[in-house]
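Every chain is named by a letter (A, B, C, D, E, F, G and H) in the order it is written, and numbering of its residues begins at 1.
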């Protein structure tokens, strides 16, 4: 074909050359994130597997100790993630999808652990602290935090059932109080995130199930009548 | 129930109070974006309607003039979008999903228009300029730009077919050269975005179709033999 | 192409011009409805939050008072909805899908409240009255009413469980009588609406659960033997 | 259980008795509608099967004659439908879902037939007239009409291809003009109905395909050069 | 076009004409079946309503009498079904899906009734006899029978709970014995992963629940110690 | 709880520990494969880009030379793949999904190149040879080979069209002959309804398109009448 | 004390006997179903081979190819359909339909495909069923393919005919392609009137969509062949089209 | 002129030969796949029967029931697994995995179920594979069930264990139920660490959800049995719980 082979315009070439390098850069950033996230996932899986032992009536302190050790590891990993982002400010949400699901799981584990230790909800700022996150630079997204809390709530019915089987008849009362307050606090939010809204709807069933366990214990006169130990940690009586 | 009604901890309440206001804020931000995006969509739909007339062999200059007038309108709208984001730095990508699809369409229209006028590809910087965008603050995402360019390429086969029907036998040669170069430039990118990669795969079919039209014209001896008019605008010969 | 650009027939143009205005009109009507429905949803969410406190054994009268206050608000909102429809007679069911789900929730709340106060089922006409609806103009669809009643029934097992936990051992008997009658009344209907039929199937489980709670109380000798307080309100004994 | 068998309140019974009769009534209304709709479906299926013969180059007048005969039948059926609704004013949209899909098909057949005869679009009022419908009482919903028109457009590419195969080289030009105008008219509507919007998106492909057929004929010099017969019916040249 | 327009071959037409009539015949057969099945469904719903009264501790004999009266009605209906099939031998399973669900319900009611009367399981042949069915012509499918028996088992826990509430403390022992034997017999079957297996899995839970009630009664010393009344009907002691 | 809290049996732990290490090993094997496959993909993308120039009528020998150079690179990569598998004999098909798609592309490129050079089909053994594969250890799956050949066939219509546009009127004849033979050979295979069959169906359309181009050239008397150059390479006449 | 033995002897033993019967019934049914499924798979695989054999047709080898296809088909009938025939009788035809339907559909597809290529006509259901008669023991009710499976097989046939038509056009047998086109259109049109009334028509509705696509593919191929032919006629100096078109 | 014969003799014949080879390869592969699928179905059906046999267990018939189950399982191994062994060798194990995986999973389910009921322990993969060794001709590489199929079968086992546990609780074998509970929990916990790394883990992820539901079902059943037992203890005058609880 006559004249078919003249080369394209230089500005076009230059632009695509630039794109190429930018896309490579973004790709390698993503690879770095992926590597860290894989480790986060793996650490949190181990932590999860360890925490599952509370359902088997293992001495709680021992379970907690192991899990606490892994928090340090997670902190290190999130620190690495934050460092990666220090180089590209303003792009937190560009890659958010790459780590949010794992972070929600991490939050749920931290919150469950914290609750076992203190009987209280792990606050957003406390979660950030535990992971060494810093809101102004690389913080914990609020919706990720809330979803993580919902995941934690999903563990409650199983925990209560197994505690009662193991002979702790006061557990349902404590958990019920905790979940009732949590549920009430959530209800005040006008949730627009569909996933979060759906997860929150699930919390209603957790609450209902815990109410029923509490009922089962209470109607049989098994619940402790005294109310002495107050609120400090759910698992004190154990071990 | 004894002691069942003591209120939840104040720090919990405070935290959820804060969440509530943040979620409301984010919701109203989203509403503002939505309003602007609806106008962008409407303006670009109008612009698209006008541009479609080139397929019906309306005099090109007239078509271009009208479309150009709407670019100003779009510029104003993107300006409003940029202003909204000036208040919340670093959140560009948080809401990116809310406007990206419309922006890709806008880019495809601008690029088609530009190509009709000059025979060249609208560059990324030129697109930003036309929309009054500023990379450092509120820029045009490169992938959105590239997807828009792919959309433009999808219109080429139809354009060529209709131009030949209307008697412009030199059009396929010009378009073929343009698309071949564009395709070659794209091929050098290592695309990781799945949607973009899929759209780019489609460009192969556009190129193939234009080659076939070129073939149809050539084998019937309809193509102009000379190569006189060079590169300045595809539509010069018309009107 | 010679002669390709003659314009379409004027009657076609005229028809589509008319369609355009009708579609715009219908769209803006829908926006108006949506605005009111959002408020209904928000008010009923608030009301629901308040009513949930009965599960926590808060003094019932206090709970009821607050909830009753919100009925007035709802009435105002339904009045606005009715006004919107006064302008387009015969189109109630055209837009029914836009508010029916929220209305079913409202009915369920009203019916639960009414039952707490009187021990009786809120009748369809009573529900319309409470919301200021008028069957001849803008009434309450019967299926929406029935679905709302099913939703209310779904709350009963939870209520009974929590009341017994809190020490009210007569509650199951009253609820059981109420639900048995309600279930028997429903059974006589030949339900064709699939959603309603499914919801009604669910009522069987509510009834069964309440029977079981009643059994638990009875076999343990906790149920009151007398039948003194009759039918006036479920929650009298409380506070 | 002592005293378990006292009967439910009479007002409850009365209400459900009324519901029962209303639900039966609505059910039997629905049965009546269903019977008519089944006949509409069957008639339109026969009409469709007859119209399919235009793709097989049967003499068009013969095809049209048969189809026209069935319009009378449809008119009778819609008349029966309208009568059914005369007894329950304001409920058109309550049962709309029961016949809309069949009506869309009917519109598409009438419009195709009308276009074969006259080369023009069957207008909404004309469609109502053919079916004996009356907007003020029992009219043709605009969206149903528009969807029917989209369905008709889907038949065009096949028709054009088969006409050309049968030797009618002028057909693509006529169809292209018709579809271009129709597409332009539709574009001005701000479609909010998702189904309709999707169907309209499909029309773009019909248009593109007809453009290509037109191109195939034109580039081979097969298209008639004269433009004599104007607009009166697509199928004149045949038989 | 050469030879394209002749009508389809007459044998093709003839065959399809036959198919159409066969399939329409089958459709009208189905309509006939549907009419009978609707009546079966309605009769069994009525019968079910009546039987439900045993949960409310109505005198059993009275309940049984009414229900027995309806068996005759069902027999008549199944007779009509059998007659319909006499015309198309071998096609029982072609339409089986149209009545199997209703028949399973019927079996469950008959079996429950039979058990109330005799304390024994209604056998397959007995069920056929009650419904006037004849295995060689129009029999009761064994899987339908077995599923019906599972449905019956599902009613047992509710029955036992309500009987105990009403003061019949010997009931759990009898039911437990019956269900234990039934469960043991079912375990002799090799099932596939189908609906029947799922229903059979459910029977395990029924058995467990009845065992629980039996335990509740036993630990409180409420159960009769003697085993006097043997096996003749569960409900003798009542009324 | 009696005996509930001892740790799982050591043999269980041990087995799962082994599984974990096996599966992690398999994961790291997969990573190794992935790394090689990425390079194969990148090399073949490069090779493809080069080969595409034949559509732009670049001198064929130059195109072939470059492409041939890359075969060596591919051979090296497949060698690395084979080495990886030497460690886990028999597991070829476990990871087959990880490289099959890329290998099919490689085959299509090799086959196209071979055909350009020799006018013959690259046979399976020849393909293995070019890639240094060895059937007994790490061979080329026959289905992958066949799919690759289908991919090659898909390029033929485009090639023919562009060659004719560039003035090589003898090309269609050669390609038609080649594709006809290839298609006939493929028809000897009995395929399942799988990916290969779908690709083979596509070959029919390639053949048809090439036949059309051949026809176009022939009716215009453009095709060379002699059959002189026989079979040695399609592209000889060029450059 | 809760074993079955403790109920009154007679009731318990009849109870036990009855469940023994139920167990036998279910075991027999499941075993038969397995055998039928296996036979159906065999029929499918071998009918597919027949279809591929027919696709090997071209202008010059027609007779030879079809002879072999028909021979293979006869072997499927004798070897595998006969297995089905042996297993099924009476109510089994419908009870186990889902177990054998895929095989029978493929068999119908193969048989009708052979016949169309041989004669250009549709092999009727009655004719297929007639060929199955000799397989049955005359004392029992013979296996008859039902209308539904026949129609489902026919729907698949149109896909094969589409493939055939595209091949024929490449081979310049345009008239043959047009004959196929007409045939497929007729089947499609006849089916539009039947499908809505079929038992469980959802499968068939999907197949109808595919069939329409096949029709359109054939029509488009005929269109482009026709347009090309017309261009040749209108070219200067092309007075003898036929000699060239057949060349 | 366009038949294959007209190309130069040598190239055409090698071309033809090659495709003849490809055709043979595909025919053989498909036939083998069919045979493997049939063997897999047989294994599935008969392993399911073994599972049902195990479920016939109760307090008094334990030995007898398990003896029969083990005998039946041995028959499955000898009669049906041996067919697989005959068909598969070398790369087939992975190439045809999808054809036999369902059967092997069910077999694993049955074998581990028998073993757990007999000993309360998990039958290891190595032990299963050891029982398959005698089936192979010693000259060829023996069939070995792979980890993935083993784990998938194990996941299904937990469903059967759940059914078993519910039955045991009705039979007042609470301790046995708690043993099952513990065992299932252990498997679940071990699997959580493995599943994410499995090849193509989507199937397994679904099974993990089902498994968690099974765990919860067993836990709930143990919970309610426990709570009832506790109530009895706390009732006045119930000093001899054990005698009654076992009664």
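Note that contacts are C-beta pairs under 8 Å (C-beta built on N, C-alpha and C of every residue); 3 or more make two chains touch, one makes a residue touch a chain.
In this text, all values refer to a predicted model and were calculated from it rather than measured experimentally.
Q: Suppose you list every residue number at the chain B-chain D interface; are over half of them used by both chains (same) or under half (different)?
A: Different: fewer than half of the residue numbers at the chain B-chain D interface appear in both copies.
Q: Between E-G and F-G, name the chain pair that shares the greater number of C-beta pairs in contact.
A: Per the contact counts, E-G leads.
Q: When the CA atoms of chain C are placed over those of chain E, what is the turn angle between 0 and 180 degrees, to the nearest 5?
A: 95
Q: With centres defined as the mean C-alpha position, give me the chain D-chain E separation in Å.
A: Their C-alpha centroids are separated by 46 Å.
Q: Just curious, how far off is chain G from chain B if you go by their C-alpha centres, in Å?
A: Distance between chain centres: 49 Å.
Q: Give, as an integer number of Å, the spacing between the C-alpha centres of chain F and chain E.
A: 61
Q: I need the residues of chain A touching at least two other chains; which ones are they?
A: 4, 56, 165, 184, 188, 190, 220
Q: Mark out which residues of chain H touch at least two other chains, giving numbers and ranges.
A: Residues 3, 30, 58, 182, 193, 224, 226, 228, 231.
Q: Could you please specify the touching residues of chain A with respect to chain C in the complex?
A: Going through chain A, the ones touching chain C are 180, 184, 187-188, 190, 208, 211-212, 214-215, 218-220.
Q: If you look only at chain E, which of its residues touch chain C in the complex?
A: Counting only chain E, the residues touching chain C are 42, 45, 49, 55-56, 158, 161-162, 164-165, 213, 216-217, 220, 222.
Q: Please output the residues of chain G touching chain E within their complex, sorted ascending.
A: Residue positions touching the partner: 2-4, 7-8, 11-12, 14-16, 18-23, 25-27, 30, 90-91, 93-95, 97, 121-122, 124-126, 141, 147, 151, 175, 178-179, 181-182, 186-187, 190, 193-194, 197-199, 226.
Q: Touching chain G in the complex: which residues of chain H?
A: Listed in rising order, the residues are 3, 30-31, 34, 37-38, 41-42, 45, 58, 60.
Q: Which residues of chain E touch chain G once you look at their complex with the stated criterion?
A: Listed in rising order, the residues of chain E that touch chain G are 1-4, 8-9, 11-13, 15-16, 19-20, 22-24, 26-27, 30, 90-94, 96, 120-121, 123-125, 142-143, 146, 176-177, 180-181, 184-186, 188-192, 230-231.
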